[in-house]
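Let me begin by handing over the structure; questions about it come next.
A, B, C and D are the chain letters, set down in written order, and residue numbers restart from 1 in every chain.
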Amino acid sequence: MQPVMTGEEIMGMLDEVFPQIHAGGRVYAIDSVSPGQSVVRLSANELHLRPGGTVSGPTMMALADLAAYVVILAHIGPEALAVTTNLNINFLRKPEPGDLLCTCRLLKLGKRLAVVDCEVAGEGAEELVAHATATYSIPPR
Amino acid sequence: MQPVMTGEEIMGMLDEVFPQIHAGGRVYAIDSVSPGQSVVRLSANELHLRPGGTVSGPTMMALADLAAYVVILAHIGPEALAVTTNLNINFLRKPEPGDLLCTCRLLKLGKRLAVVDCEVAGEGAEELVAHATATYSIPPR
Amino acid sequence: MQPVMTGEEIMGMLDEVFPQIHAGGRVYAIDSVSPGQSVVRLSANELHLRPGGTVSGPTMMALADLAAYVVILAHIGPEALAVTTNLNINFLRKPEPGDLLCTCRLLKLGKRLAVVDCEVAGEGAEELVAHATATYSIPPR
Amino acid sequence: MQPVMTGEEIMGMLDEVFPQIHAGGRVYAIDSVSPGQSVVRLSANELHLRPGGTVSGPTMMALADLAAYVVILAHIGPEALAVTTNLNINFLRKPEPGDLLCTCRLLKLGKRLAVVDCEVAGEGAEELVAHATATYSIPPR
């Protein structure tokens, strides 16, 4: 399963189609795109933090949703507008202050549905802070 | 299952403990609190919208998470700090422009876990735009 | 949303296509089919019980999956072969001995996906023992 | 995270506490237990098959639930009686005929909750047929 878009191309498309994700400051970056996988980085600002400096739950949900979209786009290309149909997330630990990385893996890329496994962890950390699975519906091409 | 806090008391507590939810403008209101149930209103601003004026998926996830917290607080009171452990959401339809209401119902309020059913719909609409279930862990009291 | 099959017609189709659900004895019955909704009854036998006479978790998952299929069939008719793509279940309480009823409600019946809300409770009981949501993929017709 | 029970010890305990899982013939085996992980094998018999020889959805749900229990038991020992509180499963592909392996990984083993990632695949196959996450509540010890 070879990617058909680079991280730069995907970010360019997101900037155009979903400029709102950068509201309040540029917090998302695409660290890597590889076969069946991608890594999205969140550099949280004070909008995303809870008391104690930990990233909020909704921020992690938004990160997983966006990162799942990135790995799908990377493999189907920019024409198709996939939409989330289901997202299930388990919050495992309070994140330490610092960037969060969301590593997404395509479990399935079908004609109609894509299912993605998302692991969220602090940079360099061994333990996950959250785990999600997301399903996107892919429109007929 | 009688509530022990009013909507006003809960909003007062949220203002104090989670002022970030009002970042970018006051968008959440608690419409009602009743036995085992509560309704939270989202008056989305442009931060929450996607092209076409529909509320974004992450905004609905944040709404469901907050509304589930509200119905739990309403029934356990302000001392306990519950945290989300799981959230599962199905996106059903594109929301029409306008306010969204999230109606939450306590499916279980145990000593350690609370499980909440969340229905998200436009005001006056018959069909749901999203359905979620959320589990919160309740700390020992 | 009017049903296009009766409970009897659906059970006749299940008997033919999925005779395995009756392996070990006839335990499922369709109590009712109405617009957007249906109720399936499980009369558990010893295969489905755990020590203490309570119905096992996997038995409730199978019940929710089957009952969701029933409400979909009831509304799309027998030609289409829908398949489960996602099931999320929360176990809320230990069931008391006795029959379990699974009440399913169509949250969405789209061209490609159907999403169903499933409530499992003992007969006459007020509190749910489990709550599930199931998504089925509907093949092109 | 070192296991405190071997696969043999766990199977011995299951035989005693949950003999029903072997109803209709012995279909489950514990292939391996290692730090934070375990593999459970399902050798389906005709009770678990759908037309065409593929393993049914409920059978895969039961497999994931049992395999998650095995990896938890392996790491907390036999005294504690953990119970499933949530299971979320995505069905990805129709399984080919033959044994299924469920590889479970502990995402979190807390004092009150354990969260497990479950991958189901045919033996030797690269692609998953199902992916699940399960949460168990762990009683006070």
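Rule of thumb we're sticking to: contacts are C-beta pairs under 8 Å (C-beta built on N, C-alpha and C of every residue); 3 or more make two chains touch, one makes a residue touch a chain.
Quick caveat: nothing in here was measured; it's all calculated off a predicted structure.
S.K.: Rounded to the nearest 5 degrees, what angle rotates chain A onto chain B on CA?
M.R.: 180
S.K.: Have a look at C-D versus A-D and report the one with more C-beta pairs in contact.
M.R.: Spelling it out, more C-beta pairs touch across C-D than across the other pair.
S.K.: Looking at C-alpha means, what's the farthest chain from chain D?
M.R.: Farthest from chain D by mean C-alpha position: B.
S.K.: Could you please state the distance in Å, as a whole number, between where the Cα atoms of chain C are centred and where those of chain D are centred?
M.R.: 23
S.K.: Approximately how many whole Å separate the CA-defined centres of chain A and chain C?
M.R.: Centres of chain A and chain C (C-alpha means) sit 34 Å apart.
S.K.: Using the average of all C-alpha atoms in each chain as its centre, how far is it in Å between chain A and chain D?
M.R.: So the centre of chain A lies 28 Å away from the centre of chain D.
S.K.: Residue numbers in chain A touching 2 or more other chains?
M.R.: Expected reply: 85-86, 88, 90, 135.
S.K.: Spell out the residues on chain D that touch chain B in their complex, using ranges where they run on.
M.R.: 85-86, 88, 112-113, 135, 137
S.K.: Which positions of chain A touch chain D when the two form their complex?
M.R.: These residues of chain A touch chain D: 88, 90, 92-93, 107-108, 115, 117, 127-128, 131, 133, 135.
S.K.: Provide the residue numbers of chain B that touch chain A in the complex, in ascending order.
M.R.: 17-18, 20, 23-24, 46-51, 56-58, 61-62, 65-66, 83-91
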